[in-house]
Amino acid sequence: MLEVQDVTAVYGRSTLALQGVSLSVPAGGAVALLGSNGAGKSTLLKAISGILPATGGSLRGGTVRWEGQSLKNRDPAWIVRAGIVQVPEGRRVFARLTIEENLRAGGITCRNRKTTAQARDRVLALFPALEPRLSSPAGLLSGGEQQMLAIGRALMAAPRLLMLDEPSLGLAPLMVRQIAATIREIHGDGTSVLLVEQNAHMALSLVDSACVLEVGRVALEGTARELSQTDEIQRSYLGHGTDRTSA
Amino acid sequence: MIKFLELCISGISLGSVYALVAIGFVVIFKATRVLSLVHGSLLLLSAYVVARAEPTVGFLPAVLLGAAVAVVGAVLVQRVFLERLRRRGANYIALTMLTVGLDIILLTEVTRRIGARVYGINNPWGSEVIHWGGFSFPVARLAGIVVSFSLIALFFAAFKYTTWGVALRASADDSHTAALMGIRQSRVAGAAWAVAGALAAVAAVFLVAFPAPGLDASTSLVALKAFPAVVLGGLDSASGALVGGLSVGLVEVVLSGYGEQLSFLGGGFGSVAPWALVLLVLLVRPSGLFGSKEVARV
Amino acid sequence: MCSRPSRRISWPASPARVVCWAAAVLALGGAPFFLSSALLQIGLLAGCAVIAAIGLNILTGTAGQFSLGHAFFVAVGAYGYALLSGDPAAANVVGLGLPSVVSVPLAVAIAGLSGLAFSPIASRVRGLYLAVASLALVFLGQHVLFNASAITGGFHGRDIAPLSVGGFTFSNRDPLYVLGVEFGRYERLWYVALAATVAAYLVARSLLGRRSGRAFRAVRDNEVVATAMGVNVRATKTAAFVVSASYAGLAGTLLALTLGRVVPESFGFEQSVDYLAMIVIGGLASVGGAVAGAVIVASLPLLLSQFSSYLPFLATPGSGGIEAGTFTRYVFGIAIVLILLFEPRGLSALGRRVASLGRRDPVAPAVTGGQSSPVPQSAQ
Amino acid sequence: MTAGERTAHPTGPLLLSGGGGVTAPPPARLVVDGLTVVFGGVTALDDVSFTVEPGTVHALIGPNGAGKSTCFNALTGVYRPARGTALFGTHDLTSMPPHRIASVGVGRTFQNIALSPSETVRDNLLLGRHHLGRSGFLADALGTRRARHEERQALARIEAIAAFLGLADKLGTPLGTLAYGDQKRVEMGRALAMEPRLLLLDEPAAGMNASETESLTQSIDQIRSELGISVLLVEHDMTLVMQVSDRVTVLNFGKKIADGPPAAIQTDSTVISAYLGEPEDWTTPHPGDGPGETSSER
């Protein structure tokens, strides 16, 4: 399981992005991280997947543990091998590589041919739409197909914890629905899921529990059922203040 | 007509050798966003090693040794120096100037050792010339074509199909996401520099072979000929480097061959014509023929 | 990285400072009285390098346009002067026979115009593509220098008419004694070079400290931002090339006058790299740094070979050991590498650090290569 | 139109732009009409229209990827729209050379701090006055009287702006050594130094903590009420948006989905579902209205 405790992260020299955030994803569990843009959700994922330093940030305090081992100062490749893989925000497929090559890039840490073949079969079973276009450049796919490829690419590393950063971003509702169904299926296969989403309704329908970040702090947490019944989330997205004439 | 065809074969031969060096530049650029100005001296170093080792160990072992030296040298440049500077977020001017500094050191050392000597490297082709239906070609030139194109084919296969190739192209496409997939950039980059070093070493052997006079201190300047090639094609396009290398070779050899008719452009115009071609191409396409446009980020 | 304009220099007329400046003025102004001709020539060559390096640093350090072609523009100045002032009656080469006072500014203007002529490429082509495009100028320029012998004298070069102002000629022709010291060509030229160098320095400081300098730096740091602030990016890049080429032209003119003869090999690829070495060693974007770097890079090899017989680690030419020229190449190579690795802002930053050792001034953090320090990619 | 250096107020309060003798240009409204931006077949901004009234704060909000930045970039000439106009007064921003936009009175800030870290705060602020200056390269190089006069005036104005933003004692500090919140303020100061009549703020609160956001809120309020500058604001911090805005335009998928006063936007069901998703059943891949987790509002 993943255990994040009291994490503080900064960008550059002094921009506080996270202040004392704690969160845990139990083995086989699914957790959503909600909050409006700029709340620090992506930063937390980057802190877990180890690419925070490469993007100009650093972890200042707190601990990140995965099955008892600290992930601090580990390089991203080590973390991928340990079983945590992140699907980046905005899909970020390798546009000039073919779909097949994108999948190969995702499975690059896996040295075992058999596991790789199995992972590939699983991905193509999940996303049959990719199969006929394996040799065309990923840049030509539609937004929804790119999101599928991005998830498929991450699954090639056979993760035990899949972290998704805003998989619904910029997708039409029908596509969001398909992505949601896929995430549910992946979770159903026993993979733990940490889902960062702005689409709170979709996210809460997929996970057991969630926490809401607001300006780098946990503002709200609870089970999915509890959270979907309050309108606190809406307020954290659309603002606490009213218009200025009454403020 | 016979002269023209002979010149074309000769140009393709020289061009394919330029392409070897140019592909090295592209691979390095894709992996580390640097124009390696240390390449000329690495090329000279490996040629020097081949020239010194050949009399005792024989041709092929000497070439392998030269290539090994170039590979080790290139990887050291990347690992010990560039990587350190890159981690601190240095820009491309600083990174490129670092290769200039290393080039000055290495070039000074190797040219000091070579001095005023000219080394001929004994190779299997010697100075033989094939005559065939009115045509005559130096065998070394033909061997250059065969070996270069084989290596280029091998390179493209590796670039397309091997794990390293996929990792290199993925990193060049989006380095952060590649890191998220567990691709270790520094290893990919090290391998890229190694490949470039090996290609340069092979190119060096053909650059000093007949009908060239042999290895002397100015051989490193030949690596500069690969600059027009790589810029013509586009810094980040491997196939562009091939096209660019061949164009530069052809333009240089054919124009030199017709030097008398072109004497109004000055003696030896053929050897600088590639540079004129570069300016013309950049005027129309600021990122070369196949290079991807640099997009300004807000 | 930033060159502080003169008006912002605090002037705590500390006695040490006054003594330093006085000593510098005395040493530079009095040099012809106590230096040998050989040393004066080295000083003059260093002055040319200083002017050229200041120009390149404006282009590459301040405006961020990577140029490997600086030697070309220096050549334009040198040969331009040779052509304009050359004797019309000379046998092999064309000369227009213009007086020096006209030829010098015209040669500088021609160099500036050649920078302008390059602008269709210079203002559109970026980064390393620009570096290679400017390198093309050097090779094509060399070709012209070797082949257009009617103007350039070809491989052997051509002689330079001495500078002559109002009947006073800067040559050894009519002997002149000042305070008992014979004033020959180098002694006379010394003050011209000194004035030109000081002017080049002051003009650069003035330019970079004002609106134009800020536009250069804005274009270097971020073109989109520069545009939003109203900077015409292409015009600014063109201007940077013109300014830099004019500096190179002045340096070339002075070089021609100092050497008395110009040959193509003084303006090749290696010289272009040397100019880059000067600004990297001195510190990118710093005018003072360019001065320091140029003096070191230009004079060290000459000084070492001048004194090689006194330096036990140097071999005399031809004996097979490490010669002065070779030795200085090592020094430059190592200096570039060490500076980039340990003090990317070059000697100017080192100097400032040393100067502030006694004071409490905070020294700005090292920012590598003039680009932005790590900033958040996305604030999320 | 080069406006010339407007008169400065060395120590006085920061008056309206163009104040102090020179007649200020009349306040202008920004009328965005049918703005459409297409990237390689994808419509990033689809027929968006809205009006920023003079002297108001107008917010442009929407979920990630809704097209807000695209809109900003189209207004500032970074992108060329396929269709539509953006009239500011009588000037169509979408058809001007981008570097001219500043001189008609449009200033902007950038989302990620886009200042030069090695320069002083003073030099960073002075860059904002570039379009107001007239001294050319020659005048600057020679330090003519006019160039020096202009520089002094610009400096005086910068000092007033720095005082307004509480940066007066930091003018000589290299920007890179400032705290993040101060850097953000310099970014704002540079935009004010442009003497804009319309200020485009791109996520000014990004990365700020609560107290920094609080002071930002006040600054925006002051910019509107004391300086009379219109503000177009892209921001994710909804508390800030709702506090300072007179009007809010909401984008989703590149289209305008709502436009109105903040209070109305906060309760608009289209806006709510654009942000939080539709409160419906997400378990099946086909639209349906099964008894899923539906929240209380519907």
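First chain written, first letter: the chains are A, B, C and D, and each begins at residue 1.
Here is the rule we go by: a contact is a pair of C-beta atoms (placed from the backbone, for glycine too) under 8 Å apart; a residue touches a chain by one contact, two chains touch by 3 or more.
Everything quoted here is computed from the prediction, not taken from an experiment.
K.L.:
Quick one: which chains contact subunit A and subunit C both?
P.N.:
B, D
K.L.:
Name the chain whose C-alpha centroid is most distant from the C-alpha centroid of subunit D.
P.N.:
B
K.L.:
When the centre of a chain is set as the mean of its C-alpha atoms, what distance in Å lies between subunit B and subunit C?
P.N.:
Computed value for the inter-centroid distance: 32 Å.
K.L.:
Quick one: report the Å distance separating subunit A from subunit B, using the average Cα coordinate of each chain.
P.N.:
Comparing mean C-alpha positions, subunit B is 43 Å from subunit A.
K.L.:
If a residue has to touch 2 or more other chains to count, which residues of subunit A qualify?
P.N.:
11-12, 15, 17, 37-38, 55
K.L.:
What are the residues of subunit D that contact at least two other chains?
P.N.:
78, 110-112, 114, 203, 206-207
K.L.:
Give the residues of subunit C that touch two or more other chains, as numbers and ranges in rising order.
P.N.:
Touching at least two other chains: 222, 224-225, 370, 373-379.
K.L.:
In their shared complex, at which residues does subunit A touch subunit B?
P.N.:
49, 51, 54-55, 75-77, 79-81, 85-86, 88, 92, 94-97, 101-102, 104-106, 108-109, 153-154, 157
K.L.:
Mind listing the subunit D positions that touch subunit A in their complex?
P.N.:
My answer: residues 63-65, 179-180, 203, 205-207, 209-210, 213, 221, 236-246, 253, 261-263, 265-266, 271-272, 275-287, 292-293, 295-297.
K.L.:
Under the touch definition given earlier, write down the residues of subunit C that touch subunit B in their complex.
P.N.:
60, 64, 66, 120-121, 124-129, 131-133, 135-136, 139-140, 142-144, 146-148, 222-225, 269, 273, 276-277, 280, 284, 322, 326, 329-330, 332-337, 340-341, 344, 368-371, 373-374
K.L.:
Give the list of subunit B residues in touch with subunit C in this complex.
P.N.:
Interface residues on the subunit B side: 29, 35, 81, 84-85, 88-98, 100-109, 112, 221, 224, 227-228, 230-231, 235, 265-269, 272, 275-276, 278-279, 282-283, 286-288, 291, 294, 296-298.
K.L.:
Name, in rising order, each residue of subunit D that touches subunit C in their complex.
P.N.:
By the definition above, subunit D touches subunit C via 76-78, 97-103, 108, 110-114, 116-120, 123, 126-133, 135-137, 140-143, 147, 150-151, 154, 172, 174, 176-177, 190, 194, 203, 206-207.
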